[in-house]
Amino acid sequence: MRPSGRDVSEMRPVSIETGVTKHAEGSCLIRIGDTHVLCTASLEERVPPFMKNSGLGWVTAEYGMLPRATTTRMRREASAGKQGGRTVEIQRLIGRSLRAGVDRVALGERQITVDCDVIQADGGTRCAAITGGWVALRLAVNKLMKTGEVISDPMTDPVAAVSCGIYAGQAVLDLDYPEDSEAGVDGNFVMTGSGRLIEVQMSAEGATFTREQMDKLLGLADAGVAQLVAAQKAAVGV
Amino acid sequence: MRPSGRDVSEMRPVSIETGVTKHAEGSCLIRIGDTHVLCTASLEERVPPFMKNSGLGWVTAEYGMLPRATTTRMRREASAGKQGGRTVEIQRLIGRSLRAGVDRVALGERQITVDCDVIQADGGTRCAAITGGWVALRLAVNKLMKTGEVISDPMTDPVAAVSCGIYAGQAVLDLDYPEDSEAGVDGNFVMTGSGRLIEVQMSAEGATFTREQMDKLLGLADAGVAQLVAAQKAAVGV
Amino acid sequence: MRPSGRDVSEMRPVSIETGVTKHAEGSCLIRIGDTHVLCTASLEERVPPFMKNSGLGWVTAEYGMLPRATTTRMRREASAGKQGGRTVEIQRLIGRSLRAGVDRVALGERQITVDCDVIQADGGTRCAAITGGWVALRLAVNKLMKTGEVISDPMTDPVAAVSCGIYAGQAVLDLDYPEDSEAGVDGNFVMTGSGRLIEVQMSAEGATFTREQMDKLLGLADAGVAQLVAAQKAAVGV
Amino acid sequence: MRPSGRDVSEMRPVSIETGVTKHAEGSCLIRIGDTHVLCTASLEERVPPFMKNSGLGWVTAEYGMLPRATTTRMRREASAGKQGGRTVEIQRLIGRSLRAGVDRVALGERQITVDCDVIQADGGTRCAAITGGWVALRLAVNKLMKTGEVISDPMTDPVAAVSCGIYAGQAVLDLDYPEDSEAGVDGNFVMTGSGRLIEVQMSAEGATFTREQMDKLLGLADAGVAQLVAAQKAAVGV
Amino acid sequence: MRPSGRDVSEMRPVSIETGVTKHAEGSCLIRIGDTHVLCTASLEERVPPFMKNSGLGWVTAEYGMLPRATTTRMRREASAGKQGGRTVEIQRLIGRSLRAGVDRVALGERQITVDCDVIQADGGTRCAAITGGWVALRLAVNKLMKTGEVISDPMTDPVAAVSCGIYAGQAVLDLDYPEDSEAGVDGNFVMTGSGRLIEVQMSAEGATFTREQMDKLLGLADAGVAQLVAAQKAAVGV
Amino acid sequence: MRPSGRDVSEMRPVSIETGVTKHAEGSCLIRIGDTHVLCTASLEERVPPFMKNSGLGWVTAEYGMLPRATTTRMRREASAGKQGGRTVEIQRLIGRSLRAGVDRVALGERQITVDCDVIQADGGTRCAAITGGWVALRLAVNKLMKTGEVISDPMTDPVAAVSCGIYAGQAVLDLDYPEDSEAGVDGNFVMTGSGRLIEVQMSAEGATFTREQMDKLLGLADAGVAQLVAAQKAAVGV
C-alpha cells in the first residue's frame, strides 16, 4: 500500500558513515533511504555575546539544501539573499533538539556549531539532520574529552528524530517524499535514547486529527527512534 | 503558586473587540490578559502565482510585534532588514492553522491575508494571534457572503489556540511571560471548535518530557480552547 | 465644501489617551479624526557611538504603519526587507522635530527612542506622530525626573505639528486623506507651544504656489498647533 | 564675517557646462563654488507600471555621492547594500521639484530619469542637483522636440533651488559646508523662473525660528534663484 | 620539497564518480586529492529573459562551499545574506569556461545550470569545479540526445582546468592548500581536450612574475589538463 | 579595419589630469579615448581587523559606474541593493594589482582606499582604473612622505594595465567598446613599469585561443603599458 512497498511500521534502511570530512571535529553522512545529509560539528572557543562569562556552553545548528538535492532545482539561498522560512524553522528545531541532550555546564564556555547539509532529499530531511547531527556532535565532544578540555561527559542521552504521518488513512512510520507530499497530517518526533520526548510537532495542512491518531503516531515514533538510536550507537562505537 | 495567583487550569481574562479598524474587511483586538494583538483580515482578488486557475482560495498570515510591545525595546524588523526566524516560524503557523478551518473550494479563487500585530506582549502571542485571526477572518468572510461573492460558507469550524507548559513542576494552562520564560517544557495547541487537533507543538528547551506530561497538557488545552471558542462565537455573534 | 463638511479652519476631533501600554516608559494613543497613532517612548541607558562621552542625550524616532492601516493593504516593510523612502523621510522628521524641544545637556547621556506606529491612517499621520510622540517623550522624561535621574527639566517647550494645504482652491487646515490625495499643494508645520517654527515643509506635486498662499497656510497652522498643544498639555496634566 | 568672506546675499560662483558625457540625452556639470554635480537625463520609452496607458509622462531622479566627494571618505552605498535615508530623501525632492516644471501630458508616455552624482561636495548639493538636473532635462527634451517625438514643449518654466540659513545670527544666502555645519536653521527653496514656489523646506536642528527670519530667508532665496535661472538659460542657450 | 612530497609536475590523485545523486540530469563527485566537489547539471526548459526566442541555449554555473569544507568554519553565505566576491568571481569563471565547450545552436533554446558545491577544500576548488562540472554537463546532454530532444551533439570538446604556481621559487603543478597559501604567483588555466586555451588567469599577490615563469606554468598546465581530460573521458565512458 | 580607424598596435589618446578633487589625498581623471575614470586615493589611519598590529599597510580599491556612463542607462547598484558580480570582480582586481606595486612594510600600518568611478565608458574601464588608480595612490603617498609620516618610499614600481584582444581575426591593442563587444577573445594585462607581469586575464567567451595568439597579445600589451607608464610618470612629475 505504501509507494515503497514498506510495511506501515517499517523504516527505510539507515546508514551512518562517520569521519567523512577531514577538517570538522566531528562528521557523518547519514542516509535514511534516499535522504542523504552531511553533518559536521565545528568547535569554536567562543560563545554568543549574550552568554559570555556564563560558564555555559552552546550548541547551535545550521541547515541547508544543495540546489539540486530535490526533484527540480531550487534557487540557492545564498543567491536569493536570505534563508527561507522553512530553513530557519528547521535549523532552530535542530539546535533546540540537540541542546536537550547536552549538559551545558559540563560542556563549558565553548560553542559547537552543527551544520546539516542535505545532499539528496527524499522526505524527512530534518529528522535525518537531527539524528546525524547528534552523531557529529558526539564525535566532536569525544575529541574534547580525549584532549582533556572537557572532563565530565556533557552528552546526557542520544537524541534522534523520526517523522510519522497519516498516509492514505493509515498511520505510517518514516514518510518518504511521495508519502509526505500526500499526507494530510504529519509529525516530527524528537526523542532521547531513553524514550523521553524533546519535541513533538504535529501539523495538519488543510485537515485535522484526533487524539487517537496522535497516540498511534507517537507509538510508531517510539519504535522508529529506538532503531535510530541503535544505529547512532553503532556509528560512534558505544 | 503561579506568579499571577491563577489556578493551574485557569486562563487569563479573554476579551475580543471587533471592528477596530475602519479599512479592513474584518478586524479585532484580542486581549488575553496583558497580551494584546490587533488582527485584520484583508481581502485580495488574487492568489499566489502557483495557485492561479486552480479555483482554490488561499489564506495566509503575517505576524509582527511593535518594537516596544515587550519589556525592553526590540529592534524593528523593517529597520533590521528582515523578519527574524521566530517571526517567520510564527506566521507560518498562523497561516497553516487558519487554513485548516477553511474549505478552500468554497472560498473560491481569492486570497485573504490575516495580519496579526502584537501591541503588547505578555506570553502566548502566537496563540492569541491564531484565536483573534480566526475572528477577523470570519468577519471578512461574512462580508463576502453578504455581498453574495461567496455562496456556501467556507468556514468549517472555529480555530483557536492556547499554550500550556510545565511550570515549577506542574502542568499549567495559558502561560504568561513570567511563566513562559521559566518553563522547561511548553506547548502550543491549535484546535477546532469541535475539539479536533490541527497543530501540536511541544518543545523542551534544555529538558525532556514524558507521555504522561504531554497528556496532561493536552487535557488542559482542551478546556482552554473550549473557553476561547466560546469567546470567539460571542464576538462574531453566533 | 470639504468632503468632511468641516470649515476651512476647523481641525478634526483630537484625543490623546496616555499610558496605553504597560512596558513603555511613556506612551499614548493619539487620534486625529480617523488617524490613530500609537506612540511609545523607550529609555535606553546608552547613546549612539558617535555621541559617547559627550555628556549629551539623544532623542530619535522610528515610524511604521500596520499593513492594513490604509484603504488597501500595503506590503509589510519587514517582509519587503527594507523601510521605504517615505518611512525613512518621516522618521527623520519626527526625530529632528522632537529634538528641537529638548535640552540635550539637561537630558544627560541617555537615549530615548520614540516609536510611532500608525494603527489607522486617514491623512496627517506624520503630524499626529510628532504631536503624540511629544506626549510619550514628556511622560518618559517625567519618570526620569521622579526618580531623580534627571534634575533639571530637559523639555523646553511642547512640540506639535499640523498639515495644511490648498484644496479645491482654498487654504484648509488639517487635511484628511480625501483632501490630501487631491491637494496640489500641501505643507507640514512643526511648531513649539510658544509659536516658534521648527520645521516647515511645503511642497507642490505637479504645481506651484505663491508667497501669499504660503502665508495663509502658516496662519492656519498657527491656530491648529495652538489647539494641539492645548490637547497635549491636558493629556500630560500640566 | 562669513568664512568665505562673501557678503550675506552673495552666491558662490556658478558655472554650468553642458554636453559633458557622450551617451546621455542631456547632461551638464554644474559647479556652485566647490560643489560639483554631474547631471544626466536618460530617456526611456517606458513608464512605471502604475502609469501605463495613462498617456502621461514621468520624470524621476536618482542622487548619489562619490565616496570621496566629502572631506572624509564615506562608505559607498552600493557596498553598504542600500541607499541611506538622506539619499532617498534628496532624490525624492529632486524628482518632485523637476516634475513641477513639466507638463506631463505634453511629454507623452515616456520616462526621463535624471541622475545627479556629486563629484565634490561643499554644501548645497541637493540645490545644485535640482538646478543642474533641470538643465539636463531641458536638453533631453530639446532632443525629443528636434526629432518631432514631442511637439508641444512640455517644459513650462525653469526650476532652480538655493539654500539659505541663519549663520552666526544672520540670514545668509547659499550656505557652503563650513556654514551649513554650523547653522542652527537652514532651508532649501525650490522655485520657478517666474518666482513661484515649488518646495520650501526649512528646518532647525536643536533650535527654532520665527516668521520674520523665515521671510528674510525667502527674500534671499528669491534673489539667488533668479541668478541661477539666468545661468540655466545661458547654459541651454535661451 | 613540496609539502606533500609530490614532484613539481605531479598532480594529486584524481577520481571522478558519476551518477551520485538521483535527481540531477547529470552529476559527479570529483576528488582531486583532498579537494572534493559535488557537481550537478540541471536541465531547465527556459532561458534567461534576454535570450528568449534567440534559438540559442545557455549554460550557467553556481558555486558554493559547505561551511566546514575548510580548516576553520566559514560563515554560511545564505545566512550572511549574500554571496561573497570570491564566490561570484568563481561561478562566473565556471560558466564562461563551460560555455566555451558548447555549441549553443546545437543545444537549442534550453538552459543547463551546473551547481558545484565544495564538500571538502584543499586548494584548487575552482579548477576541480570546472573539470567535474564538464562531466555533469556531458552526462545531462547525453540524456537529451538519448531522448532525441537534441540531435547534433553540442559538446564540442572537453573542458578542464588546473592551477599552477611558483612555490618556494619553483613552478609546480596542481597547488594544494599549503602551497596555495604560500605561493606568491598562481594561475588557473582552463583548456580544451585538444589543448586550446579558454581562460588564463595568472595573478601575483604582492609580487610580480616574468614571461619565462608564465611559460613554464603554461607548460605544466598543458600536461595537467591532458591528465584531467583522460579522467573525464574515462568517467563518461568515451 | 578597426572601427576607430586605429592601427592594430595603436592606443587611444591618453590623458591624466591630477588634483581634480579638493578633498582626496590623491586624485586624477584619466581619459583613455572616450573612457573617463575618476580615481581618488583616501588615506585612513586604520587597517582591516585581521591586519591589526601587523605593522603592514593595506591598499584596497572600490569600483563603480555612474548609471549613465554607458550607452543605455544601467540600474544604480546602490538602489539595486548590491554590487553586481562584474563590479566585485573588477574591484578585487584593482586592489590586487595596486598592492603588487607597494611595499607594505614601508607603508606602515595604515590603509589607502582607491575609488575608481567611471564617468563615461567606452571599453577598457578596468584597465583605465588601474592605471589612474596608481596615479592617485602615488600622489597620496607623496603627501605622506612630505609630512614625514612615511620615510622610505613604499611605491616600488608603477603599475598600469591595458586590454588586448582578437578582433576580426587580428590581435589589436586597447579595445574600445565596439571592438570589445565583438571580440571572441580578450585579455587584460597588468604590468609594472619595468615590464614584469602582475596579472594576466585572458578569456574567450564561446571561443578558444592558442599560445601563439596569447603571445601576440602579450607583445602588444608590453608596448601599450610602456606608453601608459610614460603618461603616469608625466602626470605625477617624475
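All chains are identified by letter, namely A, B, C, D, E and F, in their written order; residue positions are counted from 1 within each chain.
Keep this in mind: a residue touches a chain if its C-beta (ideal position, glycine included) is under 8 Å from a C-beta of that chain, and two chains touch if they have at least 3 such contacts.
Computed from a prediction, not measured in an experiment: that's the story for all the values here.
Under the touch definition stated at the top, subunit A and subunit F share these contacting partners: E. Touch-path distance (fewest steps) from subunit A to subunit D is 3. Both subunit A and subunit E are touched by no common chain. For subunit D, the chain with the farthest CA centroid is A. Copies subunit A and subunit C of the same sequence differ by a rotation of 120 degrees once their CA atoms are superposed, given in steps of 5. Look at the contact of subunit B with subunit C and you find the same residues on each copy: over half of the numbers used there are shared. Work out the mean CA point of subunit B and of subunit D, and you get 51 Å between them. Between subunit A and subunit B the centroid-to-centroid distance comes to 28 Å (mean Cα coordinates, whole Å). As a whole-number value, the distance joining the C-alpha centres of subunit D and subunit F reads 33 Å. Between subunit B and subunit F the centroid-to-centroid distance comes to 59 Å (mean Cα coordinates, whole Å). In subunit A, the residues that reach two or more other chains under the touch definition are 81-82. Taken chain by chain, the contacts form a single closed ring in which each chain touches exactly two others. Moving round the ring of chains, first from subunit B across to subunit C, one meets them in the order B, C, D, F, E, A. Across the complex, subunit C meets subunit D through its residues 82, 85, 88-89, 91-92, 96, 99-100, 104, 157, 187, 192, 196-211, 214, 218.
Across the interface of their complex, subunit C is touched by residues 21-24, 27, 34, 38, 40, 42, 44, 62, 64, 66-73, 76-83, 87, 113, 115, 117, 119-120 of subunit B.
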